[in-house]
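Note sheet for the following structure.
Chain nomenclature is as follows: A, B and C, assigned in order of appearance, with residue numbering initiated at 1 for each chain independently.
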Amino acid sequence: MSDALRNRILSELEDLVLIDPHSHINPHAAASTTLADIMGYHYYTELAHSAGLPREQIEEPGLDPKEKVGRLVTKLDDLDNTIQVSWLLEMCRKFFGFEDDRIDSSNWEALYDRALKKMSEPNWETQVLQQSKLEKVFLTNDFDDPLSGFDTSVYIPCLRTDDLVFHLPKAETRERLAKATGIELSDAASLVSAIGKLFDHFKSNGAKACAISLPPDFSPQPVSASTISPILNALILRELTADEASSLSCFVFWTLAEMCAEHSLPFDLMIGVNRRVYEEGVFQGQDLFDKRTSMVQYQQLLNAFPQVTFPISVLSSTSNQELVSYSWIFPNVVTNGHWWYSNIPAYIETDCRSRLQAVPKTKQIGYYSDMYKLEFALPKFSMYRRILADVLAQDFVQAHNWTEERAIDLGKLILRGNVETIFA
Amino acid sequence: MSDALRNRILSELEDLVLIDPHSHINPHAAASTTLADIMGYHYYTELAHSAGLPREQIEEPGLDPKEKVGRLVTKLDDLDNTIQVSWLLEMCRKFFGFEDDRIDSSNWEALYDRALKKMSEPNWETQVLQQSKLEKVFLTNDFDDPLSGFDTSVYIPCLRTDDLVFHLPKAETRERLAKATGIELSDAASLVSAIGKLFDHFKSNGAKACAISLPPDFSPQPVSASTISPILNALILRELTADEASSLSCFVFWTLAEMCAEHSLPFDLMIGVNRRVYEEGVFQGQDLFDKRTSMVQYQQLLNAFPQVTFPISVLSSTSNQELVSYSWIFPNVVTNGHWWYSNIPAYIETDCRSRLQAVPKTKQIGYYSDMYKLEFALPKFSMYRRILADVLAQDFVQAHNWTEERAIDLGKLILRGNVETIFA
Amino acid sequence: MSDALRNRILSELEDLVLIDPHSHINPHAAASTTLADIMGYHYYTELAHSAGLPREQIEEPGLDPKEKVGRLVTKLDDLDNTIQVSWLLEMCRKFFGFEDDRIDSSNWEALYDRALKKMSEPNWETQVLQQSKLEKVFLTNDFDDPLSGFDTSVYIPCLRTDDLVFHLPKAETRERLAKATGIELSDAASLVSAIGKLFDHFKSNGAKACAISLPPDFSPQPVSASTISPILNALILRELTADEASSLSCFVFWTLAEMCAEHSLPFDLMIGVNRRVYEEGVFQGQDLFDKRTSMVQYQQLLNAFPQVTFPISVLSSTSNQELVSYSWIFPNVVTNGHWWYSNIPAYIETDCRSRLQAVPKTKQIGYYSDMYKLEFALPKFSMYRRILADVLAQDFVQAHNWTEERAIDLGKLILRGNVETIFA
């Protein structure tokens, strides 16, 4: 493949202003205030911990941000091969003018101070958005988020529903739900009403999606209200059995799908995470997966809700072919980004190629940042665009004699156009 | 890799006359009569449906072929990235002289008419065979196919056995079996006799293989005749239990393997399809898969029938390494083509490379078309040959200093030589 | 990618003196004495058998070595595409000056004789070690190996524990254990004592690891001593139930992990092999796998033993992403080589890239030979180094502007440095 061709395509993709369709940004504190906000991202803490830094040193209560960065830097050399550290370097270079080959004991303090100065500029958040060519960023809001106090035309609310589906047996969740909706759970109908209220609230605040992450063994089924009401009563008195908890999860999940249908919201499914596999891990660095999962577990759901669009992410790259095939067949299944453990070039390349070769181009959301702090969009989208440009150059311009313009248009559709139409 | 080297290898492979070892051709109507026969292939109808075209518009009873093509063309732009649409363009270019970049509202009618004219030529079928360099095409015949009225030296009969293994509980299947064999099912022995008659019929008409597609959870086991006779009696009176149906499937399947041994026929296993996952999908666009399947499910079968050759296709690319490893160890396992959802370049490349690196070269059937209409062999084999030429150039000539001639010989063996010896 | 760049990197990696961290070398007969020792390696016998050579011809009792080679040579042409035969050719070229393109009926006898002459030189073993740049070779010793009569500074003992975990119900295993330790099994405590004695013996002889290969369905759990004592009593009187056997396996396995903690030994886990799947296969050519396995089965173990390092190998390439992710999160998980059915370039490439992109560089053991005879290290490490050089050139120097020196240092760390620190 000609490097010149690939670079021309890449350059055009880099000019595109982006909408990031999935993040964990806190819109009240979107940008970082110190380098510790960036290096405190779980990718760095968990990799440093994996390389031998004790969790207690990383998560010491009251730890000064600069000291935290200093401790993490001691492990950076062990991680310098990772794509995640390449993101860190790219952020430091692009945002803070860092020019060395690596961050180490000799230069991190100067970098920390320079970053601090830059981040203290009053319009830092706006600078990051502009430099990253970010027009809008989708959020992942707790169900009881008031959704006020931020610009919902830039930070797009999305209803995160993990707590509702998997943690309703916890008193805390039910209290939050009651507080958010004014509805006490007494039976299945009250639960449906409460969820309906959440959707009203989110829709009226411009929400564009409902989202959830799901364990590998989840297989949604419809459950009758008459099964659920007694479970809701039992909930208050005792621990649920595994079967009861599973029925309740299914009922809430199915209700969410019904609400998505009613409120015309896409339902983002992020399939495959096992929570707390490594219990002594750092914050957000405890989750893993079991590749023994199949999209056939969603057969009944996908058939029952033809009117709901399901943008689907899979955690295991071994699930990507199923995602491609289900998107190829089901009108309501859309491929969505490259998630977490699959978000490294070795997997993105094959996953991206297979999707572009077999899924209608209008049904592919190329990438989302999944970021917690705004600075991460730049290096993450940058990594994806380089891979996308390679694939467009090789599989379309070279293999099928497409014009460059046509390949670039395909790239732009995947990167942005589909985000606009799918989350219309 | 040098493009010149790859092109020289490709050019030699393109000169080779082919035997297509697996298709769904109807030998009484092998070639298309209108563009609707081509665009009615389920890949186009299901992708158009996936991109939003209602099934009712695609499958409207009595729909005029030209109108059908017109409707499908409205969605082609959404699919123009897919490898399947690249096949369509290649067919239109090579067979009908189409010269535009894409098929759209401005040019499809002229194309339709030109194709119609070409297809109306009296020797169209022969033209396609010759232009595609096809010498023989294997069929997939229903068990009650009379196998008469066509040239069995060009269209090679193969006994498809899905109905026998999985649909014997349906009265219709048993009636067809009784009609085809003159044997009414009364007990296990009569069932074995009936299946034996089918083999006699197929063998005497030049059949070269027995074939079946299998669901991901199928695991063949021997079942005694004394278990089966009561099930055959129950069959007429009531619905079978899941266990009974499974025993019956195993018994029929095992009997087929015994007949393959007796009649020296290879038994094509196509492993991994779940039927009717998307029930509202278009015709033949409803099937998907569950990647949680393993070739170890066939351990007992492969050990029990060392004298039967099993050319095996796997639906999930995640099964390819098992296929490679089982073919590397079991003398009676042969790798067979790149099936359906794995039949896209992103998967063929890795699957093809791994097979060439680890399976004896005499035990690999490179490719089959799986086509329903004769025109598809040309673009499908063409796609495969390009990938094969890349792999030969890179992994053999460049990595191991093979001469081009030797690499080309390997390619020809995979493409044709092995088809001749394995289905001798 | 520039070939010159890759070749410069490769050349530096080729200069590195190696420690091979996993082999099946017999230190009393490390090198081959005839070509039959090399071609008798199960890769060649099983591939020749797979290509049609009857097992009886390969394993005929009392077969003359030269005759055995002659028989295997008749099948070499059918296997000449395989990476395994490329190793054979590389050995013959580098060690015996073989210059032809292939080994066939016209040249094998001369080759056999030349090899015999070379192997008869008194210092052949030393020559192989030197030419292969091998400084040390890890063994895989039976638990009752006396570990005497060889140089344990070159041949490093490792305690293989398959028999203890999976074959204790066999009287022969218990007799070997009693003989090696002087302890008769009477209850759980005596079993723990016996295992402790083995660790003392191995540690005092310089052992650097405990190792085991595990079936795909194994999921270690702690089992109480009070559960085990009655099972040990039952063992002598009758066949254990599957549950009892499984409990006993878990107890022994868990005890091994405890001993690894106590004796500061890494515990090599080789996950995923099903033994004797093809029962009529040649010696060591009967094992395969079931890809339906997950590292989540080891969750409890990895949490329970944070102080034990687990270098993990996976048999199925579809498990590689789990291995990458678990190594990324768990401090005590280390990626270990490319095992058996995954040890071909098509799989090594992606597996190697994904590890280098996401696992701390200090937690990766690049490669081991898994060899039975010393001559195999040369072509196997050579294959791996070529792939590693490609990845370093492409993913680090080109994609991230690393200096060549830095990329080479990473390569050396993966190839050797980590072996030294992990098995310190």
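Just so it is clear, contacts are C-beta pairs under 8 Å (C-beta built on N, C-alpha and C of every residue); 3 or more make two chains touch, one makes a residue touch a chain.
Everything quoted here is computed from the prediction, not taken from an experiment.
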Practice item. For the sequence-identical pair subunit A and subunit C, determine the rotation angle of the Cα superposition and round it to the nearest 5 degrees. Key: 120
Exercise for review: Call it same or different for subunit A and subunit B: same when shared residue numbers make up over half of all numbers used at their interface.
Suggested key: different
Study note, to complete from the structure: Note: subunit B sits from subunit A at a C-alpha centroid distance in Å of 39
Check your understanding: subunit C: which residues touch two or more other chains?
Key -> 292, 318, 350
Point to revise | Of all residues in subunit B, those that touch subunit C in their complex | key: 292-296, 299, 302-303, 306, 318-319, 321-322, 324-331, 350, 353-354, 356-363, 395-396, 399-400, 402-403, 406, 410
Check your understanding: Considering the complex alone, what residue numbers of subunit A touch subunit C?
Key -> 46-47, 49-52, 78-84, 86, 101, 274, 277-281, 285-286, 288-292, 316-318, 341-342, 344-347, 350, 386
